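There are two complexes below, and they share chain A, which is joined by chain B in the first and by chain C in the second.
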Partner chain A sequence: MTSLAAAQVQEVRSITRIERIGAHSHIRGLGLDDALEPRAVSQGMVGQKMARKAAGVILQMIREGKIAGRAVLLAGQPGTGKTAIAMGLAQALGPDTPFTSMAGSEIYSLEMSKTEALTQAIRKSIGIRIKEESEIIEGEVVEVVVERAAGGGGARTGRLTLKTTDMETNYDMGTKMIDSLLKEKVQAGDVITIDKATGKINKLGRSFARARDYDATGQQARFVQCPEGELQKRKEVVHTVTLHEVDVINSRTHGFLALFSGDTGEIKSEIREQINSKVAEWREEGKAEMIPGVLFVDEAHMLDIECFSFLNRALESESAPVVIMATNRGITRIRGTNYKSPHGIPLDLLDRMIIVPTAPYSSQELKEILNIRCEEEDCQMSNDALTVLTRVATETSLRYAIQLITTASLVAKRRKATEVSMEDVKKVYSLFLDEHRSEQFLKEYQDEFMFNDGAGDGPQSMEVSQ
Partner chain B sequence: MDDQAKILKFLVSAEKLADEILSDKREIVLLDKRRNQNREALRDLTKAQQKKCWVTVGSVLVKHNFESTKALLEADQKQLNMDINTLRSNLKVKINSLRDLEMQAPTPGLTLVPLSNKETEALSKSGIL
Partner chain C sequence: MKRKACLIEAFETDKAVFEKEVLRKYKENNIMYKNTIWYKLLTSAEKTCLKEDKIRKIHYKFEDDKEMVEEYNVDTQVLLRRAWKAKGKLGSEGKWDVEIGDPIPDEVQNIEAVEIMESKDQPIVTRRNTRVNLEWRIRNLPYPIETYCIKANNEEKCVIISTTNKKYYKKLPIPELTRLGLNIEQANIQSSHKYNTLIVMYKKPQQLLDMEKEWYEELNKVKPVKDVPNDCKAQ
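Right, the complex of A and B next:
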């Protein structure tokens, strides 16, 4: 009975552990060597050498803080790795540099003005680094002695003996410290920290040396090493917070809970100004460092003329993040106007940008990418199946071929095979239509569909509305 | 030959610095040990009833005047605190120069001035830290 229950618990756990595999989850960096030369296949990146090298140069400039206030445009056909490069750049920057990713159309669906949404995105991409310092006493409890005054009640005194691997010492304690020790249920064998300024006691866990004290322990029992070195330590913690987080917390109507609910609403400009001046003050005193991060705007052609002119102005400001945009459009209408412009971006903004083109992949590179995706999706694929899939990718699109990997592996699993064979790929290829075949089908049978206007002159060129 | 000399020079400087860092850390531990012993002694003195008390100097036990013992210990305590603080702040500089020798970027935020208690409290209360 118990084993059954245990098995069920195990099952529940394994379900929660499943993570979804994203379209770019295989990207771990830009795949460059120390001299910023792109390796052929590395960190999930394949081909696209020129664009990756360019991204590497940009990365170096961001690290040295030289590029703030400029913009980069990744331009190329659909499925040529624009998002992958931006993701790789984010990974390569490390966890400390703020990276905000948004789609151009996101700004229209929020309950705030477009410029407010953009300002928030910009401030999400600027980090400040601050340091918190505290003197703490950290050690393993050897003994706690509490002496009660005769007659009960009244003042109590006590003694706490703490040790590290290097020393041991006694502390005499007053009533308040004893109370908080008792409240935390501190006993011999616990590893604790005491904040010197506030007297706050924090239980880190039980010492490994005491792991055999009891036969049964609760699930939450945590064992830690006995601390090393000095008892009275100086603890320094460096935090990186974004300006947006500070904004939200200081905008009084919402409070910090808004950070988690996402319901931040509009933030008054006075609050932003106050925070800017406070941060400037901290920087002058050496208390804070600015980290200009990266704002990535995917589908940048979806922004309209107001956004572009706002960005134009925002880039001028002293602490602007690096704005990276990606678009797959050619010469098209700028949203909100009747003028046409390359990439759908006004010329004055385009002039400020470094434009990095991405080119379509060669069939060898496609094969490599499909191979990496197979690994990412835990799918064994035979060599000829991969060749067929590469052929599919060259003739239709890379995205379609990647979708076939998962479906084909499911078909293979159905017939209990360990490896995906060519037949599996062929089967899913006939089961799922690609865009081109779907169009063909529609053309052939358009008379039988509803609301058919009978024109059937192929897809219209995409136009964005006002 | 020239290369070898260069490498040797580099290795010597890096090892020297690393050794200094380790010995500084050891030094801090020893100083803190003494600081804690002094503190215990001072505490015991406040409880003591006699006019004089026993003091160990190396391996010799000396009977010493109560007041001057207390003054001695307090002066020692002050000096220890100062020494530990200078060692700690010098350690940061040494660690960054070692990282520099090893072609690594300096540890982020190591040289920042910490926020004041009030600022830390305000920030942690609002849930940022």
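Right, the complex of A and C next:
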């Protein structure tokens, strides 16, 4: 069983490698050991030990699932790993815990009000694990036939023959089912189950009857009995849905189709109340289990005063998720008012939060991060190039240095080198300006730019205030 | 003022008649089907009736949000179709599930939409009841009659069809009997095989016949809806 699971995990990994590389795709967890102590370099995380330790405590709180409506603020300068910590937390929680990630500015939509957008985000972060009866086909594969339609068209038809000890049936398959059968490498002699509603295929093992057929079945082959009786059975299956999904299913007659089109519109508060009471009923009867998740609001200073007061209220509900916010602002104006407040968040909400600071990285940590990113972006870099890059990162910013990795590797490829050298990094450093040099440049040549009245209120006035 | 004498008053005068009447009532009440959950469910359901040519359609709405539709032939009083619709557990709209009668024809199943379904040439079970029999027709079964072994199984409350060549196996539940709490008798099962079709018949027990008759009478009390909502008059 475990070996089978491991094999599956590996396959999933190999598929995710095809995905594009994002800013935080190197992060696979918080990098904590079992005692929640941060390891120096682990799971893509480097440094920031205090913040990671704090995140570990929060992780524990979320896992226990007892505390509702706590808010956590990650505060720190740009590029100190706030989003990375949130992503790491999401990874550490695993796929079963709902984790909704949004940017503060996402709530400003013309289609729905700010509070509606926030409510939806909150309800997306609460999962319900519920048992439902579902039709399952379970049998031993006799034959899989996939045929391409004549004329070279893309249409494929598939036929699957399954049997139990008592019966045998042919099934027709659609293209998606054919693809997933091929992906799972299902062949004659395998015992499989197919969930009819979701089309999920599960390989149980190979039939005992086929035990002697092949010597080359591989080490992890597991032998199972051929099932008995009918091929189709009704079985109870547990699945997780979010409260928001239940809302949408109930809000319209044509139900969950809206989930796919994304056009969910505003949901009436009566429906939400109904669902809340229904869920409470299910929980009492033991039919459902609530999984409070995490709502992560990046750039939280972009929320305005109305949202903050709404959050104040929403956090008090016992079905509220844990809300994590991140901001890189210092003492600044609260959006929608003329008042100034730390992090741009009103004091009453700040008072409800636990604040986790992130500190700038040391140069050693920067080097480690750059190293990890090089691996992630599939780029060989010489040691001195990495040292130069680290210097760039300390003097300008970590983000700018990361931008230089792929660009430098492209330059290195042009001169047909396998490794990025110091010269390549220097070249891209001269080709692409960082923010500071760009500002310098503007200051020097300001007079020659368009719409510049000389006494401009841009950089100069900033100089005054500094 | 003249009023109809109530039952007790009327019988006070004649004890013999009273006792007889009580006994009769007692017997009537003792008829088992009236005490079943099923019968009570039917009585408590919200019923709407629709008459179309020779077919009487009854729509039931139960307290647990389930819906059922029955279609009776007016002449023979035979139930032609019974279908169920239950809402999904999370509140999604359910599909009609036909218990008796031919499957609803307009449900065109597209292989790309359902992803996996039994091939067209595979055995398919339909139910069609007659006045005295419960009937299953299993089409696309080419094997001769000796192949089949049809057994009543009261533990699983179904009739199990198996084949000696191990090509077909099916459990047929009999909801009519289960609802009345009746056992399945092997002696009541008959079968025949013709035109690639296996027909399994089960003789309706007396209790079921009684109940169906009584229930049909009961349904006559439901007044048919006059104007069919779908028939919009053109302006």
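Points worth noting:
Methods note: the second predicted complex is superposed on the first by the 328 of 466 C-alpha atoms of A that agree within 3 Å, B and C clash if a C-alpha of one lies under 4 Å from a C-alpha of the other, contacts with A are read in each partner's own complex, and residues count from 1 in each chain.
Keep this in mind: a contact is a pair of C-beta atoms (placed from the backbone, for glycine too) under 8 Å apart; a residue touches a chain by one contact, two chains touch by 3 or more.
No experiment lies behind these values; they were computed from the predicted model shown.
Of the two partner chains placed by superposition, A:A23 touches none, neither chain B nor chain C.
Look at A:E236: by the touch rule set out above, it reaches chain B but stays clear of chain C. Contact with neither chain B nor chain C is seen for A:I354 once the two complexes are overlaid on the shared chain. In the superposed pair of complexes, A:K176 makes contact with chain C only, with no contact to chain B. Of the two partner chains placed by superposition, only chain B is touched by A:E289; chain C is not.
When the two complexes are overlaid on their common chain A, residue A:D166 makes contact with chain B and with chain C alike. When the shared chain is aligned, chain C comes close enough to touch A:G199, but chain B does not.
When the two structures are aligned on the shared chain, A:I305 is found in touch with neither chain B nor chain C.
In the superposition on chain A, the residues of chain A contacting both chain B and chain C are 130, 132, 166-167, 169-170, 172, 229-230, 241, 245-246, 249, 256. Interface residues of chain A, counted against chain C in their complex, comprise 130, 132, 137, 159-160, 163-177, 194, 196, 199, 229-230, 241, 245-246, 249-250, 253-256, 275, 278. The touching residues of chain C, counted against chain A in their complex, run 88-93, 111-123, 162-163, 166-171. Partner chain A is touched in their complex by these residues of chain B: 25, 28-29, 31-33, 35-37, 39-40, 43, 88, 108-115, 117, 120, 123-124, 126-129.
Looking at the complex, you find that chain A touches chain B at residues 96, 129-134, 166-167, 169-170, 172, 197, 229-232, 234, 236-239, 241, 245-246, 249, 256, 259, 282, 285-289.
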